[in-house]
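Okay, got some structures for you below.
Look at the two complexes coming up: chain A is in both, with chain B in one and chain C in the other.
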Partner chain A sequence: MIQIDINKKLHGANGEMDLCVRLDILQGDFIALAGQSGSGKTTLLRILAGLEDSNGTISVEGEIWQDGKSSLMPQKRKIGFVFQDYALFGNMSVEQNLLYVQKDRALASKLLELTQLSQLKDRMPSTLSGGQKQRVSLCRAMMNRPQLLLMDEPLSALDPTMRTKLQQEILALHKEFGTTTLMVSHDPSEIYRLAQRVVVLNWGKIINDGTPKDILLKTSGSAKFSFEGELLDIVQVDVIYVAIVAIGQQLVEVVVSDDEAKALEIGQSVSVSTKAFTPRLKRV
Partner chain B sequence: MSYLVATVKQIESCENLHIVAFDYRGQTLRMMSLDLADAIAIGTKVKLTIKPSHIALAKNFEGELSCSNQLQTTIVSITNGELLSAIKLDFLGTLLESIVTLSSSQRMDLRVGEEIVALIKASELSIDEVIND
Partner chain C sequence: MIEMLDGLEFGPFLLSFKLAGITTLILFMISLPLAWYLSQTHSKMKPFWEALTALPIVLPPSVLGFYILVALSQSSPIGVFFEDVLGIKLVFNFTGLVVASCFYSLPFMVQPLQSGFESINKNMLEASYIAGKGKMETILKVALPNIKPALMSAIIVTFAHTVGEFGVVLMVGGSIPNETKVASVAIYEFVEVMDYTKAHIYSAIMVIMSFLVLLSVYMFNGKQKRSFV
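So, the complex of A and B:
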């Protein structure tokens, strides 16, 4: 069990904010940390890693990492940290990057094999692709067999195919090492694939905590097919109205009635939903 | 999903709203739609599609119904689950599927081989693809 009960005053872009998090995490769990930027996700990871101070306590499997009196040094905490921008040592080869953490050649070789990097072990980071760099960074994070693996949007700079591949490797490593993992992510498909639990932070507080399906399936009533978008226009056609809504990178049209059209305002955030029985699913 | 291959025989329009009539083996089907693909014109052959949960059934029905599509079909099979009933229908050589509640299916005492009217609102019929041949 990992028990977190911390608070810290933050001075963010949106003014002063109290980061106040109480969270119990079971060993071996994979938790996705979601929430808008500036909600305190990265700071929470940095506090867990010991890179930032805070008030309160952190205990990991009975070991106190931080309490009111003292704080364990970052290098004494059994953590692995994967950053979005890889943060590899540019003057060291792939293998040296791993061995810098722990002089354990057997483990390094096992990790490189698991992530299909064995043939690249003597290469310098600058000669690697983004996906390869992030794999090295992931391997390096596993070198001290972390009790807690912290990942801050590790895949957001990668293309979708590479992302899916790395998601599988992350999951494989998480299981192989029995690590407890906390990953910041905004990608619903990633969260659904990897995490057993999603914790949503907003303005420094936990506002939602549950299974990916419960949190991500945005539904109301019996609608199971629901998206949020911006209402761009409402056009009258014959006796009906057609609402044009921007959802993500796409525009959709929805037929609405006279009364519905009158109650809506252009520019509003709206949810577009229907029951699970209605939409059609087709390969593209 | 149920599919039907039909030919466009009439298009009525009001701005970007359209009612398209299709010919399927001498029967007329009607579809309500917003903007149509450019390829859709009189004579275009299309594959139409209907969700099974959008096909209602009527037996010995008398009176007027607003449903634009009232198809004379024959029941080919009935598969009953715990709550739902999946009924396969033959419509002039094409197989359609209707999913209704088991209680409706039992109340109507549906039997294989029976003639039954399949009801589809024009707003629930859609074009799956244009068939080029």
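So, the complex of A and C:
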């Protein structure tokens, strides 16, 4: 069990903010941390890693990492940290990056094999692609068999195919090492695929905490099919109004009534839902 | 040409290089923690330390030399302490030159190292701490190897700058052959007694060597930058 009860005053881009988080995490859980940028997600990870100080307590499996009086140095916490920008040691080869953490050749070669990097073990980081670099970074984080694996948007700089591949590898490593994982992510499909629990932060506070299904599936009442998007325009065509809504990367047209059109404002967030028919799913 | 070089005394050059070598070594050890501190600190005192470190760049060497002379002479507590307690005389000898050069060349070691450390991705250093490594190991195994061009610049420019120093050396050391008479002082003396031939030869040697040193720094840095892209 990991028990977190911390608070810290932050001076962010949006003014002063209180980061105030109370969270109990079961050992072996995979938790996704979501929320708008500037909501304190990265700071929370850095506090857990001991890279930033805060008030309050953190205990991991009965061991006190931080209380009112003292705080364990990052060196003494058993954590792995995966940075968004990889942060590999540029002067060391792939294998040396891993061995720098722990001189355990067997573990290093096992990790490199799991992530299909064995062939690249003597390469320097500057010669690797983004996906390869992030894999090395992931392996490096696992080298001290962390009790807590912290990942700060590890996949956001990668293309979708590489993301999917790395998501599988992250899940495989998480299970293989039985570590507890906390990962910042904005991608709903990623969260759904990986996490057992989603914690949503807003303005330094937890505003939502539950299973990915409960939190990410934005249907309400009897609506079975619902998307959130931004209202771009309302166009009058003869006697009807057509609303143009951007949902993800796609634009859709929805017919709205006279009254509805008047109640809507361009630029608003809207949800488009239907319940009257069964949507058909076809391969594209 | 050969006859001209025949009667030449190379002692001053050897002395210059000995002085530069020892100064560079001492400054490297002093500047490493100082530059690291300056690169990592958010303290309000940072500008104060930075200004103090950079002072030798803007001060006339005679001013610096004068204060060092006063501070190290037997009429000052520091000079008395060194002479009476440790038995070391600090002015008009080689030891005094080393002390003076360390002050004079300090910014040339600290500044490149500091900006090198500042340019390192902070996450890389944090990754090293998380890997369980302390500050010293992180500096030696992660920070320094990742700022090789800055490290090379710091060492070589400090060395070259010490070889080229004149005013401070003359103030603190005078011109005692094989003790404090370095190449730049020797040239000054040749000009004073109007021995232009020797002044020419000495000066030419200084120009060529300085150029070669700088050329090697720039070539090395160019190569390093390409390999890091």
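Keep this in mind: the second predicted complex is superposed on the first by the 279 of 284 C-alpha atoms of A that agree within 3 Å, B and C clash if a C-alpha of one lies under 4 Å from a C-alpha of the other, contacts with A are read in each partner's own complex, and residues count from 1 in each chain.
To be clear about the criterion, a residue touches a chain if its C-beta (ideal position, glycine included) is under 8 Å from a C-beta of that chain, and two chains touch if they have at least 3 such contacts.
Only a predicted model underlies this, so the values are computations on that prediction, with no experimental measurement involved.
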Does chain B (first) or chain C (second) touch A:81, or do both, or does neither? second
Which partner does A:237 reach: the first (chain B), the second (chain C), both, or neither? first
If we overlay the two complexes on their shared chain A, which of chain B and chain C does A:255 touch? Say first, second, both or neither. first
First (chain B), second (chain C), both or neither touched by A:30: neither
Between chain B (first) and chain C (second), which does A:177 come into contact with in this model arrangement: first, second, both, or neither? neither
Contacts of A:280 with chain B and chain C, given as first, second, both or neither: first
Of chain C and chain B, partner touching more chain A residues: C
Can A:100 be said to touch chain B (first), chain C (second), both, or neither? second
In the overlay, answer first, second, both or neither for which of chain B and chain C A:144 touches. second
Chain B partner, complex, touching residues on chain A are 237-238, 240, 242, 253, 255, 277-278, 280
In their complex, what parts of chain B are in touch with chain A? 1, 14-17, 34, 49, 51, 53-54, 126
If we count contacts the way the header does, which residues on chain C are in touch with chain A in the complex? 121, 123-124, 126-134, 141-142, 145-146, 227-229
Which of the residues in chain A come into contact with chain C in the complex? 49, 51, 73-77, 79-81, 83, 85, 87-91, 100-102, 126, 140, 143-144
